[in-house]
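Below: one structure in structure tokens.
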């Protein structure tokens, strides 16, 4: 049985892990391991531990970033850590970050967070099936948390 | 017995380590190892040595950054080093940095530094208990050094 | 027989992999392994897996970035991951990224994506032949996705 | 006997190594190994070689950066390399960089370079004594190249 | 016999490798291995392969960057890759990058490229001789591609 890691934070203002876990459970009986840390800079090592110590096959890293420049810098540092954690383990860690500046109202942020967590949960399930599972959607302009943009039409 | 590393600097203008150590001692009999370095760029290797040479199970890295752009760049470099140190050791290093630009008066900076050091000391104790210890606060908009923002209300 | 990895995304709005694969097949009977991931931040580990698990000798990483500052930051993170993946494997990974801001119309973006994918497919074939294969073009101001600029004339 | 590495550049406009070496010799009979490279981007590998090939216990990396944005970017790259070199060796490398934009006159730059090199030489000696040697100065707002700012007064 | 690696690109608009090779041949009978790649982001792994697979003792990495912000970002990514390649191999890789924005005319760019390639070729020969070979020029404000600035005069 495959195992999916869910890493999330107490900093986030939406319980994104709940949405991801619900989406996984509807479609799969994969095992789930959850790891909650204070902020998104604590996610990379948590994800690496989920893979190496809890034997997860893939991890979903859920975080929320504030509106200030320093928040963007912190998200950047966390993202680079997630890149390194993936390369050290040869496992995917899907970064599901929501930036408070992506929308004007809190309600919209909530909806983006929900949609992005759910859609990336499905991406995780697809990646677990194999490297060609998503090829039918290649170049199709898919988005998570927003409407798909679709492929560029040339005719 | 668990061991907590405390890495701090002579550059900082507040003895943040004192607050972290006091907070730990009130709640736990964990061992404490302290390592003081000149500036926050010296913290990553100090934290890694606390873990590898002094056998700490988790580390709290305390630093203070100035107001200038170069200070932000230096903090960024230190943060990336802390990410790498965590991934190399599979241990958490809680980054507790205070930026002089976060507040207008020195008194406010002092209060932020105290609160942030104390709250992250408690986060360190929680993380030592296991990966689900903080899950009850997931998505709750917790902050350190400031008031919690709380979860987004959708009703 | 040499094996070429093709890593692409569902985020992109053009099926760049198709152009790269067609260009390779016209000139070579190299084996091809394709790996499709959600977005370009998922490319570095996919490329590393193509090299280490699927035994590819070189990889072409195809991605498309949006117009916003956050998109540039994400592309930067993916690029740094691709650098690390190459250094970890001692294999080339040709980064073929198209930025939506490179052109004004979608048609132009489509053409840039096609040209860049095709030309870098030929670069991959050249690099597979050896380290001096491209030396005849050294300093010649070659471009992919745009007209060559040519060497600086000094007379 | 402890050995201190001194890495410096031909790009710098002040012989900072001389100041560091004089300061060390006044206080200690530690061995000194000096390595001179063209610019500060060449420092990280030189420092790592001083540690790994010349068996230095700590290194002082001395460099000077120009006034242009590209100079800041280069200093950033060198700093990140120094972080990695420290984490790879578990040894401190004290970064002693002077930015030409820190002062208005060349004389002031000279004085900053001298003070910073001397003070970090003393920091290196302190770090060689052990991780608690600097703890008496923790949070005291010490500076190198400038006046100490001192701790924030709360009364 | 020592071996010097020369890594260059088809993107550059000047055949910088020719200048570096000519400068080396005038002063030394070191072996030379040349590796040409499409762009400067392909240089780090090429340099690492020159060191590890072709047994070069030092490498000169020659590249040219365009005028746009994205070009600066790409040069930054390549530079960070070169830092990592040096730290992974404990060998110097001299970064010889020319930015199209450094001068107003193409002729000037050409001259900068020629001077910088030649002077760094001589730096490579010096570094091969040992870590103290350049010490006589430490702090002397040497430049490559431009006039030396010289040391700061204090009298």
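For reference, chains read A, B, C, D and E in written order, and residue numbers begin at 1 within each chain.
Everything that follows uses one rule, which is that a contact is a pair of C-beta atoms (placed from the backbone, for glycine too) under 8 Å apart; a residue touches a chain by one contact, two chains touch by 3 or more.
All values derive from a computational prediction rather than experimental measurement.
Asker: Expressed in steps between touching chains, what is the minimal separation of chain D and chain E?
Answerer: Counted as steps through touching chains, the separation is 1.
Asker: As a quick test, compute the distance in whole Å between the mean CA positions of chain B and chain E.
Answerer: Spacing between the chain centres: roughly 40 Å.
Asker: Please work out the Cα centroid separation of chain A and chain C, and write it as a whole number of Å.
Answerer: 25
Asker: Identify all positions of chain B at which a residue touches two or more other chains, and write them in rising order.
Answerer: Correct list: 80, 84.
Asker: With touching defined as stated, please give the ring order of all chains, chain D first and chain E second.
Answerer: In ring order, starting at chain D and going to chain E first, we get D, E, C, A, B.
Asker: Touching chain D in the complex: which residues of chain E?
Answerer: Touch list, chain E to chain D: 72, 76, 79-80, 82-84, 86-87, 90-95, 99, 120, 123, 127, 131-135, 137-144, 149-154.
Asker: Touching residues of chain B toward chain D in the complex: what are they?
Answerer: 8-18, 33-38, 41-42, 44-46, 48-50, 52-54, 70, 73-74, 77-78, 80-81, 84-85, 88, 106-107, 109-110
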